[in-house]
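Here chain A shows up in two complexes: once beside chain B, once beside chain C.
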Partner chain A sequence: MSDTSNANSFSIDGQRIPFTPGQTILQAALAAGVYIPHLCHHPDLKPHGSCKLCTVIVNGRNGSACTQKAMPGIEVENNTPTLNDRRRVLLQMLFVEGNHFCPGCEKSGNCQLQALAYDLEMVSPHFRHAYPVRPIDTTHPDVWLDLNRCIMCELCVRASRDIDGKNVFMLAGRGAESHIVVNSPSGRLGDSALSIDDAAAHVCPVGAILVKRVGYAVPIGERQFDEQPISRQVDYLARRHIAIVPAAETEER
Partner chain B sequence: MPTVSVSAEISSLIEPILQRHAWRADRLVQILREVQEAVDFISDETAAHLAEALKIPYAQVHSTRDFYAFFYRENRGRYRVLFSDNITDRMAGNQALFEHMAKRLKLEPGKVSDDGLVSIDYCSCTGMCDQGPAILVNNRAITRMTLRRVDEICDLIRGQVPLDKWPAEFFRVDDNIRRADMLLGTPHEPGKAVRAAIARGRDGMLAEMKLSNLRGRGGAGFTTAVKWEACRNATAAPRYIVCNADEGEPGTFKDRVLLQSYAGRVFEGMVIAAYTVGASHGFLYLRGEYLYLLQPLEAYLAGMRAAGLLGRDIGGVAGFDFDIEIHLGAGAYVCGEETALIESLEGKAGRPRVRPPFPVTSGYMGKPTVVNNVETLCKVTEIALHGGTWYEAIGTKQSTGTKILSVAGDCARPGLYEYAFGVRIAQVLEDCGAQDAIAVQVSGASGVCLSEREFGRRIAFEDVPTAGSFMIFGKQRDLFEVARNFAHFFAHESCGFCTPCRVGTVLMKEIMDKIADGRGTQYEMNELLRLQQVLKPGSHCGLGQTAGNAVADTVQKFRPAYERRLAETDFVPAFDLDAALSRARELAGRDDAAAHLGEEA
Partner chain C sequence: MNAPMNPRKLRVTTTSLSGCFGCHMSFLDIDERLLELAALVEFDRSPITDIKHCSQHCDLALVEGGVCNAENVHVLRELRANSKILVAFGACAVNGGLPAQRNHLDVGKCLSQVYRTPDGSATAIPDDPELPLLLDKVYPVNEVVRVDYFLPGCPPSADTIWKFLTDLLTGRTPRIEHPLLKFD
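Entry: the complex of A and B
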């Protein structure tokens, strides 16, 4: 696969994808309207590669689409039964690792984890729930932190560090004990430098970091992923930006 | 101005440590280690004090502190006892010793005594498998534990005798070299290899390295010359040489012996690497379990400086300046992965980076860095002295030279065995006196489990590759328990960065425990393999990719060890309803038959 017509393109499941040098496989795919499931990626932030939902097979080898650079002529397998089975297992792992109760969650309908689970037809958590005991921090006037729903994607860590320049959040601990810690002398969100205007307050793909008092400003049923499955919202996924206007939870539209 | 207050006493103990490290945040792991040594644990207040002194986020100190198994947030006592819990320690009876000590000191695992004096717990393999069961007391290794030694230690702790007043015999660590070849059996003449490399010139030395076809001894087997050349060709400066002495693979202890008795070769290998690639700084990343080696190694480095083998214009070569500093780990197996190791060198939690970029172009502080294993660097001195062609003739075509095996488990003579590559498993078993072996775990928990039918296979990158661990299991052993021990190990050591490893290793451990409890069925057997199919291809680094190997191997090769534990039904829930009611029974003060549920299924 090295003829000249491939100079600025590669293929995903046989479909030709153009790219500009420096783009990752995921960026090029989303720009071309091709969906690759992902959780820890955000177009405004540096690639991370931890959730592993976007794992694809590149020329026969497994790799994260969000961190691997697009190269001329590579052949990528993405939407295959094997890879989607694996993704479903990863989602089940995330569901049993934390405490996710969609019916009672303010994020329902705007939650990427939930949207992916619907889209990949995850009908049960399958594994035994860990039911971890995790704290809720309500000390901040405008934002609350519920680690029960955290999936360790570190989007808040990156947003705070790279956009807000604050380092409010960091991942601490190891293995199953991994958890987000807040940067303040007391470790509480209310004593941190987090402001409602920060990207870190709005980037969470699940319901771990939520803005207070706007939980149901948009009714359930009319939210981002209520209208169409996440896999049909490639344009949104590719072009969304972290809105730092705290007015309502529709900001991501 | 500090806004957090620690006591004046703690502050005065911490200050000289910070001063010694010039308040450098990239020394955080080293600072935390020394602070803990001085004040026993790193409370949130101490952590906040350090963050302010180092001008870094509070969260960063928490992130690093909470990552390493040997750093404690809460008081674990002035004596912190950890029992090495590798399968070889278990086979040597460490659990009975642990229980004896717990009983004598009236302790619960992981909990400090009421008087705040002592705590005991288990830890991952401490690299003393040929002289176990082993323990660590405040990170100092004690070998050859017996019930009597447990009693003696309990008395010393109760009497609050300082650790450096304990009998020296406790801390004796033997080399146990059983079969020596060109590395272990050749005398070392200090400086000779460095002079030989300089005589060959930078290009000449690299050419010899290429001819030798030397491959890394840490497990992955990457060609050393390719690594060196890529680093040499990288444009950025300065360049770094890192010796990976984070020998954490269960069952491996060869690097410990090399550092104890062959340190000259290790360091000279680093000097030669520095000369060839143009590096100016070197690090030895020594696993925290080998703290006892720190002082002798520092003394050795001082000797090398005095002899002109480190420092400025080494070997009379103008501008060839190179020195080595030692960093200690703090109980994290994943730091053996080279990018995690670099993160740790930079003072952070040891989470593996995304590769590429590889360390040869972007390593320590984003600069070109060569990371080589201890044994690999020793081999470099042989190539400098004798040339690549001479070296290449030893071993097999794809695996040149000799390899040191750390032999432990069921055999008459555990210890180090050095062979030319290509030696058969059966030969090693014969040499170490293992008559009735039914299985050998080669290359540690992440390696491969070989059954009797495979003892004709050879140690070589093209057949059975190994980082050195060679654990033997006799016919009395239960391979299910071996795999379960490894499953616990990986769940404990997973860094938590990627989903499949963070969650998958825990799920695998829980399923193994369920089978051990007699509640597993065919369903769980299938689940183990299903998890392996996600862990292996989906994990971020080698830890997760190999974490299910031992389970998958033993399911395949020692299936009866699993099957005899399985319940004869389609499925038994992990949740035990009757056991869950025990608290209710306790509250109701009842334990009669009517307060119990009948046996399910």
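Entry: the complex of A and C
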């Protein structure tokens, strides 16, 4: 490989990845069909860098692939035993700090947290379970909010703010007390501006925000991550988009 | 040099603590492969044999279910003390599972809610000394004893169990990956 090719490319685990200026490492990798594990990234939303699953080593230093810009000639380590071990530990901590019971969850099979755990062969939660006491909000007619499963990736916060223009969700509290709060006088989802057509109602990567009355419409075994593990669905991860209902149609409802 | 032609069978003990026996059902679901397995192992204490206490020097213990009461703790410690390898077998053993849905509730309030008289004036919570006391929470097996391997799934499929056992019995490190690794 000649030096001139470095002008618009970099390497991930020795593989040459082309990029356009402004792309992050994760965006360029997904566009090139290279998988980097991630949870809080969504192609329709600005990078957030909170879950740290996409941590890679860039020229010897740790960095989040979803926030760090691709630069000519950088050398990125991604699919290495060390990084995958760390990612597994991050997943284990996410599992024990919430109440993640897959057998009873409607999101099972479509859940990114679960799919990542399968892909990284996380067979045990390893740490002591916190079994936190967290509320379930069923006051909204079309959507319910189960904070037991929330991983605080803030995808709903960003979708509501940046796509829906509503600011329905917000992260409150500090450290272990962090939790999602709802922007309404009562603090309940039913009194908020959230509508079923909002991006925020559909963006949750886990089972914390679920649409009512569609439970198990797609049977277990035929879901997004059942056929192929998430690491082999780079095209889906790069090109999935939130279906946005035009404003006019929303007003008619 | 004088190795026996037929090495001794491995002693396997199994139990269901705070479980639904679904994992044992899935174990039986390996169907005709049970005959292959029977050539390699013999069962010690297990719901299959109805032996009540495990003998010393078991090779493998499969523990289904989480730990919800004092009796579960005794059984689990007995298995751990007498087994070389102990496996958290199924979702409840791994993370508490369905029984752990009571973990956000107070045990006392739970019992009085269930056992109070219809008019709410009195409770008749069973207090027979033979009944094991409930723990404050339902715990995964690895929060009570050391666990060697985890086999998640609700239940783990027969193929998952077979892959795990054949890996273990042939001396490989058990590896459960897509599509056998399932939490549901």
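The criterion applied here is as follows: the second predicted complex is superposed on the first by the 241 of 253 C-alpha atoms of A that agree within 3 Å, B and C clash if a C-alpha of one lies under 4 Å from a C-alpha of the other, contacts with A are read in each partner's own complex, and residues count from 1 in each chain.
The rule we apply is simple: a contact is a pair of C-beta atoms (placed from the backbone, for glycine too) under 8 Å apart; a residue touches a chain by one contact, two chains touch by 3 or more.
Keep in mind that this is a model prediction, so the values were computed, not measured.
Annotation: superposed three-chain arrangement on chain A; chain B versus chain C shows no clash, the two fitting side by side.
In the superposed pair of complexes, A:49 makes contact with chain B only, with no contact to chain C. By the touch criterion defined above, A:173 lies against chain B but remains apart from chain C after alignment on the C-alpha atoms of chain A. Set side by side, chain B and chain C differ in how many residues of chain A they touch, and the one touching more is B. In the superposed model, A:182 lies in contact with chain B only, and not with chain C.
Once the two complexes are overlaid on the shared chain, A:114 sits against chain C while remaining clear of chain B. When the two structures are aligned on the shared chain, A:123 is found in touch with chain C, with no touch to chain B.
Here chain B and chain C sit at a least CA-CA distance of 5 Å once the structures share a frame through chain A. Applying the stated touch rule to the two superposed structures, the overlap between the chain B and chain C interfaces on chain A comprises residues 128. Every residue of chain C that touches chain A in the complex is listed here, in rising order: 88, 91, 94-98, 100-101, 103-104, 137, 139-140, 142-143, 147, 149-152, 154, 175-179, 181-184.
Interface residues of chain A facing chain C in the complex, by the touch rule stated above, are 95, 99-105, 108-109, 114, 117-119, 121, 123-126, 128-129, 131-134, 220, 226, 229.
Considering their complex, residues 3-4, 44, 48, 57-60, 62-63, 65-69, 332, 349, 351, 354, 491-500, 502-507, 510, 530-531, 533-534, 537-540, 574-575 of chain B touch chain A. Residues 47-53, 55, 62, 64, 67, 86, 89-90, 93-94, 96-97, 127-128, 130, 151-152, 167-178, 181-185, 187 of chain A touch chain B in their complex.
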